[in-house]
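Below, each structure is written out as structure tokens.
Note that subunit A is present in both complexes that follow, paired respectively with subunit B and with subunit C.
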Partner chain A sequence: MGYDLKMRVWRGDESGGELADYTVEVSEGEVVLDALHRLQATQTGDLAIRWNCKAGKCGSCSAEINGRPRLLCMTRLSDFEPTETITVTPMRTFPVIRDLVTDVSFNYRKARQLPGVQLGPRDADGKRRMAQIDVERGQEFRKCIECFLCQDVCHVVRDHEDNKEAFAGPRFFLRYAELDMHPLDTHDRRELAQGAAGLGLCNITKCCTEVCPEGIHITDNAIIPMKERVVDKKYDPLVWLGNKIGIRNKDANGRTEV
Partner chain B sequence: MSESSRHPMTGNEMSYYAEGGIERHQYDVVVVGAGGAGLRAAIAAHEAGASTAIVCKSLLGKAHTVMAEGGIAAAMGNRWPEDNWEVHFRDTMRGGKMLNHWRMAQLHAQEAPERVMELEDWGALFDRTEDGLISQRDFGGHKYARLAHVGDRTGLEMIRTLQQRAVQIGIDVFMECTVTELLQSPGADGADVIAGVFGYWRETGRFVTIESPAVILATGGIGKSFKVTSNSWEYTGDGHALALRAGASLINMEFVQFHPTGMVWPPSVKGLLVTESVRGDGGVLKNSEGERFMFDYIPEFFKAETADTVEEADAWYEDKKNNRRPPELLPRDEVARAINSEIKAGRGSPHGGIYLDIASRRDADFIRKRLPSMYHQFKELADVDITQEPMEIGPTCHYVMGGIEVDPDTELSSVTGLYAVGECSGGMHGSNRLGGNSLSDLLVFGRRAGESAAAYVAGLAQRPAVSEESVRAGGWSALAPFQAEGGDNPYTIQQELQQAMNDLVGIIRTASELEDALVRIEELKERAKGMTVEGHRQYNPGWHLALDLRNMLLVSESIAKAALARQESRGGHTRDDFPKTSPEWGTRNLVVRLDEHGTGVTLQEQPLPEMPAELKKYFEGA
Partner chain C sequence: MATTDHGVTSPGRARIDARTLREDRWWLQPLATFVVFSAFVVYATSRAFMGRDYYASPYLSPFYSPCLGDCVEGASDFGQPFGWWPLSAALIILIFPLGFRMTCYYYRKSYYRAFWLSPPACAVAEPHASYSGETRFPLILQNVHRWFWYAAVLVGLVLTYDVLLAFRPMPAEYAVGDGETSGIHMGLGTLLMIANVVLIWLYTLSCHSCRHIVGGRLRHFSKHPVRYRLWTWVSRLNGSHGRWAWYSLFSVAIVDLYVFLLATGTIQDVRFF
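After this line comes the complex of A and B, so read on.
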């Protein structure tokens, strides 16, 4: 069942690089990461790849396969013709470190700028109560494995390095939405989402949703509702008046703005 | 300093031009590993006022904890008010075949519920009961439904929650940084104490020294020494080996858990975990003849609490009060051995496994809702729709019960300043770990280690000094694989080690095979001395593997030696030549230490700590 696969793999570092041609033996049921591992073990011992679980759960092995952002471990060779050459390149939005490994510290920086969850006190018996239906909205977003493919594909930063400062990207809009929909959180982060995180720069082209390996409806379930919630706040006359005369710093749900 | 500060996330300067060419930092507590145990330990140390750093081999949030599926075992009583720490304690000890350190099992059962509640305080969104409380699910060996869970991705929820907490409170993280040496200096009583860690940045290959009087090892397991494993590349026994080399002891190393249900096909995912929740939620095991064979494998020890008819087993899912548990939910060692026997007897599936069937027992919606990751995993990787057809599964190396010997209350090893938590520590799980007890173990002992390490440092009058020689020695040792020429490729040695461990130190063991394994490990150790790596130091996986291999070889030797010595079968250690559990061995632990040459390990027996009378009462009449 095995055959010889032709691959082109980007080799290089921050100073530059090029696609290198390889032929590697592969067999039935394998994924692109298997082919790269065999290359590593037999031909290119120093080929740099970032990977961990090889099960689509950790989100480490993000790269671009034939130009499309994907996880190397979840892309099956049977999706391609055996005669087809598979081209693997690093994620384009992030600076290359070496070969297929990129510097994704942008994402960790953005994570630090986001105020975490702040719950009120527990119930009298020391427990907390939330309805399943209410946690499910946040649970969808918490399926995120932080592969950063949504960040990679997003045109706001993919081709505009200068937007990175003002734009947190889909992964973090997901996080803002998750916290905003948390049944017990006491913070209101809508100003931050719109201002510091640059939610307004997103023009909902849905590219992020398309590449999400977890199938999270990033645009429909997180970004669009979040945009609506920001607008709700901005045009709520009571909130506007309260802010204006300085007597109101909580929203209708009793949350405090951070 | 440098123009090349590259880790804005941590605020750490990666200066290439520091004195001696080696970057230096100082902290009160350094945690090695950023899985559940490491993160929880770091949070505790930080909150106790210690300046704390986490050093991890991968990016933050990618550690093996993300792979945990089923849940966190904690007697919260949300489903069963009659559940409490005493029942959990009893289940844990019985699951470990009474070889657990009783004090660890006790602390674990007592503190787990509050540790789960803390995760919720920090933003975790667990599945709920009808009353809005944290839901709890059934798992093998647990008397009551006890596992707090989020679908079948509980580990991801746990690591993300802890990661976000660590970021929120501002703990420094050294990502993609591998520790290769523990630095020590002579303490007041002459014995060496911990003074810091030495390692390299994967990204640049540059070295880094962190001076720190307390180091908490939270490096996880050893599974990558086996060919068929559910573990990721990181699981190379680093903490086990670092501790040995620093003079600490390892306990219970012969006990390796083979999870009963790993994928067997396609070959590229062989070993990948299939969660126990499939069985907890109604899945059953069948052989090629369609027979539910687990009824033939109920051991005497668990007869009283296990259903012996299909009718009773099936009724249990609906009425747990009046029926006993299905044999599919026996502890993992029992189920793995049974599957192994069925395959050996020729009743296996086409790809050398047996069948795990939930499709014929639950409707498609239920399966997709309760087991979304499993549905996804089989669909994407094997073209199998688990709502329509059975899965093919077989045992896979999953967890090492053995690890660094620690004080149960403080997680301090025998080396002053060196702590260990999570999978790399030993004693808590005895000879076999119950599903769900790992995630709770990480939280309970992670917190304890963080607090005790912080307290130790706060009480120090003077910090141990890091000597220049030890830093230089660390550098020489790490660069050795670049000096050799014409030696083996590290990938080849790794593959041979994995094959040997799989074939000779696997789920069923005999003296002759274990002896053979030790001979082969010696040969591989010799060849590893002359390993050659190509390329340069920047993000070079061949070099990284060469360094990890030293640890894998030392740990593999520890496992094989202990397995050869223990002449009985118990939990995760099954001897073909000694198939019975022996009462004499039930009072003894096996402990390994580094030998006088520093290249191998020696083995000693030591008595199992005796349980106090007030805890013994839970096992009377059992």
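After this line comes the complex of A and C, so read on.
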């Protein structure tokens, strides 16, 4: 059963813009991206939208729907009343290029600042080995589709442009945690996470976890464990004493600071 | 909202004046948190400074346990090393559970949102012009959470011991019938204390620092099977850490209120045997 959906869509570019009202015909089972595509096809041929897979796996169509960071392709129209007006804006943390398309290169800069995995020497037979439970631990983090909704919602940069220099953001704390938990990585990233990546700026208000379309427990499984690892290194006199008297956690052997 | 150069209205971003376009009742949760936490703080502070009506044999209020100051007879099961302390005995030990909860990752989320509005809710602009998170004094002290966790385990043990003591026979003045003051006793107070200590343990053991200490800090789960197993258990509890935080907050207040009502003679203990 089709119906006429009322939409407000932000139109404009970096020089300015406004929310424009539209009415578009939609059908049962459609998502917000379908409605925008129909709008583009029938009324606003120049509406800019970034999208690719339409299956919640490419992370391209990130935007804000009724003020909440969401993927356009994974937001069903059936989540709203047919009489409700749906407001769609670009992500409000990144510079806008046009309409719903933002410049997310902030995230690529942060990715480049993060040292990649540095594996140790191979076993005698030329292979590297990891036990299955150690492999499984990092799998949750690898579900990330880099939609950057967590980066968008994080108030550290969303509400404070000046923090962008010092703060890597939840998506990259995920990566820090994944590598720091990697049994074969030889880097010790704790100082870097606290210093260059600005882990201390995070006040764990969990919005990143709330908006993650992949359901990754970013705060509980990545950011807080990473904060605890920093505490091991910098704020725990028991660990310090253990290191001094030689009762040291063998797990960190062979790791060097980056 | 006035145009600024630091938040969602920074130059370059999509020009939208509203601080949020959310239309749901995003303010409800921080408001509820604010009201309930404030009520608890007011209640706990007044009870802690009161310095009386915290012991109704055999029940001891959790706010005063262990009672190390100049406590009433029967309340000090671990002696009175701070007998010289001029103020309420609760103030000597409350710093530990208070510190544990204040630095708790769940409570931090709650009070940063509800009290400091940083942020009030997701994608709702916060009112502050600058933000340094937990990088500076005093908030950098949140990193001592695990030290309070160690103390919280000791407090948990003491509260567990208090539950055992709550099975003691009641003194003669509470007797409601022949022979009821002898032998093991159980009343509504005992039940409340059992519920409280179970919730306290669930909260303490589901702590993120506990999760890290038992196994989360490892890089090779495969080399530490026992710690890995413990970590999976704590991880399961940890999923409901927020729930245990709330429930145990209520249970502590309820047990204290029950003891207060008994000690002031407002009610009589409901005795099962």
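To be clear about the criterion, the second predicted complex is superposed on the first by the 240 of 258 C-alpha atoms of A that agree within 3 Å, B and C clash if a C-alpha of one lies under 4 Å from a C-alpha of the other, contacts with A are read in each partner's own complex, and residues count from 1 in each chain.
By definition in this document, a residue touches a chain if its C-beta (ideal position, glycine included) is under 8 Å from a C-beta of that chain, and two chains touch if they have at least 3 such contacts.
A quick note: this is a predicted structure, and the numbers were derived from the prediction, not measured.
Student: Looking at the superposed three-chain arrangement on subunit A, would you call subunit B and subunit C a clash or a fit?
Tutor: After superposition on subunit A, which the two structures share, subunit B sits beside subunit C with no clash.
Student: First (subunit B), second (subunit C), both or neither: which does A:Tyr108 touch?
Tutor: first
Student: Under the stated touch criterion, which partner chain does A:His182 make contact with: subunit B (first), subunit C (second), both, or neither?
Tutor: It touches subunit B and subunit C both.
Student: I'd like to know which partner A:Ala252 touches here: subunit B for first, subunit C for second, both or neither.
Tutor: After superposition on chain A, A:Ala252 lies in contact with subunit C alone.
Student: Answer with first, second, both or neither: which of subunit B and subunit C does A:Ala131 touch in the superposed model?
Tutor: Both partners, subunit B and subunit C.
Student: Quick check on the superposed pair: does A:Cys58 touch subunit B, subunit C, both, or neither? Answer first, second, both or neither.
Tutor: first
Student: Scan A:Val96 for contacts with subunit B and subunit C and give back first, second, both or neither.
Tutor: second
Student: Would you give the minimum C-alpha distance from subunit B to subunit C, in Å, for the three-chain superposition?
Tutor: The answer is 10 Å, the least C-alpha separation in the overlay.
Student: Shared contact residues on subunit A for subunit B and subunit C?
Tutor: The overlap between the subunit B and subunit C interfaces on subunit A comprises residues 130-132, 182.
Student: With touch defined as at the start, can you tell me which subunit B residues reach subunit A in the complex?
Tutor: By the definition above, subunit B touches subunit A via 6-9, 58-64, 66-67, 78, 117, 120-123, 125-128, 131-134, 150-151, 153, 156-157, 160, 164-165, 167-168, 175, 203, 232-234, 265-269, 272-273, 373, 376-377, 380-382, 489-492, 495, 533-536, 538-543.
Student: Name, in rising order, each residue of subunit A that touches subunit B in their complex.
Tutor: 13, 27-31, 34, 40-42, 45-60, 74, 76, 97-99, 101, 103-105, 108-109, 111-112, 115-117, 119, 122, 126-132, 135, 138-139, 142-146, 179, 182, 185
Student: Report the residues of subunit A in contact with subunit C in the complex, numbered from low to high.
Tutor: 10, 12, 14, 16-19, 64, 66-69, 87, 89-90, 92-96, 102, 130-134, 137, 153, 155-156, 158-163, 180-183, 198, 200-207, 210-211, 220, 224-225, 227-232, 234-236, 249, 251-252
Student: Given the complex with subunit A, which residues does subunit C contribute to the contact?
Tutor: Residues 5-8, 10, 12-16, 20-24, 105, 108-109, 112-113, 118-119, 122-126, 128, 130-135, 139-140, 143-146, 208-209, 211-212, 216-223, 228, 238-239 of subunit C touch subunit A in their complex.
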